[in-house]
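So, here come the structures, one by one.
The two complexes that follow have chain A in common; it is paired with chain B in the first and with chain C in the second.
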Partner chain A sequence: MRSITQDEPRCRAILEALRQRPPFLFIDALDFRSPPAAAVAHFTFPEEAPYFEGHFPGDPVVPGVLLVEAMAQATRCALYLYLGVSAPGYLVRIEGCRFQKLVRPGERLTLRATIEDAEGLTGWAGTTVRMVGARCTVFRSGKRVARARVTLHMEALPVPLPEVSDTSNKSKGG
Partner chain B sequence: MAERRRVFAGVGELRQKRPFVYVDRVWQEDDALSLKGVVTFDTSRERFFDPESVPGIFALEALAQLSGILLLRLTGYPRGGLLVGLDDVELGELRRAPADVHLYVHVVGLSSRLSRLRGTAHIDGCLWCRALLAIHHQYAAGRGAFGGGGVYEIHNAR
Partner chain C sequence: MTTWTEGAIRDAICNTVLFEGLELDGLGVKLEDLKGETMLLSEEGLALDSVDALEIIVAVQKVFGLSIPNLDTAFFEKNLRTVDTLVDYVVASLNITFETA
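Then we have the complex of A and B:
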């Protein structure tokens, strides 16, 4: 696949639509010949990124939660490529997330996000997207290092999460 | 209840150091398998994301770090562990700084290699995040096995 860096106008337009900015933007190139309903993106965590000062001192490891954020950003790219939807999209659910290998700064990563289900989606025809689920995988040198299924809500959530478990009550009042 | 609270000095024991520490204070009540904590997100906090917002993934990092402190106490492994899995994660509405996030984790499974903990994060008394976290211990037990080449594998950690 041909990879296009963010210097090129089309890639830049998509990344600007994401709203995230460096150092919290975790995509620097996109493959525009991605399979249908999917995005293939690339990123290299820079060695000078500030979070490596503390994670961990002298032994830099990419924090798993930043890989999750990268997967969510790849999902937003898939939405844009597939449906032309550029709404921000908030990460609201993560399932089956596994970090299977350590990722170090300087390693070239490939992120694949495939949209599996979506509510109210037609994008180009103008229908509002509400909820999108995608299966995401992170590869390094062709080998999987992390995976997750993420769900994005394409609007700001109007209410807090409902309490559903007895354990959640214990955390109040801290 | 205040007299039953015991404040830990556990934050300093974490392998994570600033600017990637997301637990400010921790304490334990009468349950040895659970821990509470709080982290304040304000505009002066770490500089690698929009200081006006509080990305939900940092609630997950905060819960993972609180889990690490609890596992330090329970297992004796020197570094607390490494986050290797997340399940049943739900995140609430986008929150703006400043915000005090109240954290709670409790152990639901503990073995020599892998522990699972449920965690919740509240802001202003409202549930903002909940998650089931899987923490691998043996990475923490020493770098020899897992730290050098990043060769450890976790499949079906759930």
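Then we have the complex of A and C:
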């Protein structure tokens, strides 16, 4: 599966649709052959990130809350890739969250977010988006290290983004 | 009180406890992949970890109304070795419940 990094225009466009920015952007590459209604993203928490000085001194561990945030960001990417929706949104619910392994800085992570339901959302026809639920999993070397179901509340905005339609179709067909 | 048959117990363990409870589809596991001899904790099987194992115990207690005391390594190694050993444990536990009820 080919990944592209945020240095490439296609990935950069999607990540710019997120409002998060470094040091609070937890995606640095995307796979564009993701399953339908899903995004597969990647990130490596940098060893020099300041929060590792305190979490924990001499024993750096990626905070679980940052893994949840990464899953939420992957959900935003899935929404954009599949439905062409880019609207301001906020994390409003986390369910069934499990942290199964310690994650260390410098470890390459794969984030998969699969949209399972979208209330008040019909996609491309200029309609609006409200609640989007996704099942998210974080993998390291193919092993699941965390998972959660996250729900985003998206502001109700017109959503047609024709330039993303081609991406969505490729994703579905991939 | 629900009257459980061994088949119903096996279905509940495979469907509710393992497949849905642990979201095994997220690991690329299909429901039909779960056989009696499927190993749960071994790397040769599903390679479930200790968090998964605790989730299994919580789900078993909830689904079958059991109370499982004295969890230790020996318990997990004996009863969570395969799907079959877990079914056997639940069957035996429910029989004891019926006999003493």
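Definition applied: the second predicted complex is superposed on the first by the 155 of 174 C-alpha atoms of A that agree within 3 Å, B and C clash if a C-alpha of one lies under 4 Å from a C-alpha of the other, contacts with A are read in each partner's own complex, and residues count from 1 in each chain.
Just so it is clear, a contact is a pair of C-beta atoms (placed from the backbone, for glycine too) under 8 Å apart; a residue touches a chain by one contact, two chains touch by 3 or more.
Model, not experiment: these values are computed from the prediction.
J.: Does the superposition put A:90 against chain B (first), chain C (second), both, or neither?
T.: first
J.: Based on the superposed arrangement, let me know which partner A:65 touches: chain B (first), chain C (second), both, or neither?
T.: The answer is first: A:65 touches chain B but not chain C.
J.: Does chain B (first) or chain C (second) touch A:137, or do both, or does neither?
T.: Once the two structures are laid over each other on A, A:137 reaches chain C alone.
J.: Looking at A:32, would you say it contacts chain B, chain C, both, or neither? Reply first, second, both or neither.
T.: neither
J.: Thinking of the overlay built on chain A, is A:53 touched by chain B (first), by chain C (second), by both, or by neither?
T.: Touch status of A:53: first partner only.
J.: Between chain B and chain C, whom does A:147 touch in the aligned arrangement: first, second, both, or neither?
T.: So A:147 only meets chain C here.
J.: Once the structures are superposed on A, label A:98 by its partner contacts, choosing first (chain B), second (chain C), both or neither.
T.: both
J.: Please tell me which partner, chain B or chain C, touches more residues of chain A.
T.: Partner with more touched residues of chain A: B.
J.: For chain A, give the residues common to its interface with chain B and its interface with chain C.
T.: On chain A, the overlap between the chain B and chain C contacts is residues 96, 98-101.
J.: For a test of understanding, state which residues of chain C touch chain A in their complex under the given definition.
T.: 23, 26-27, 47, 49, 51-52, 55
J.: What does chain B use to touch chain A in their complex?
T.: My answer: residues 15-21, 27, 34, 36-38, 46-50, 55-58, 60-61, 64, 82-94, 102-104, 106, 118, 120-122, 125-131, 143, 146-147, 150-155, 157-158.
J.: Provide the residue numbers of chain A that touch chain B in the complex, in ascending order.
T.: Going by the criterion above, the answer is residues 21, 23-24, 49-51, 53-57, 59, 61, 63-66, 68-69, 90-104, 148, 156-163, 165, 167-168, 170-174.
J.: Per the contact definition, I'd like the list of chain A residues that touch chain C in the complex.
T.: Spelled out, the residues of chain A in touch with chain C are 96, 98-101, 112, 135, 137, 143-144, 147.
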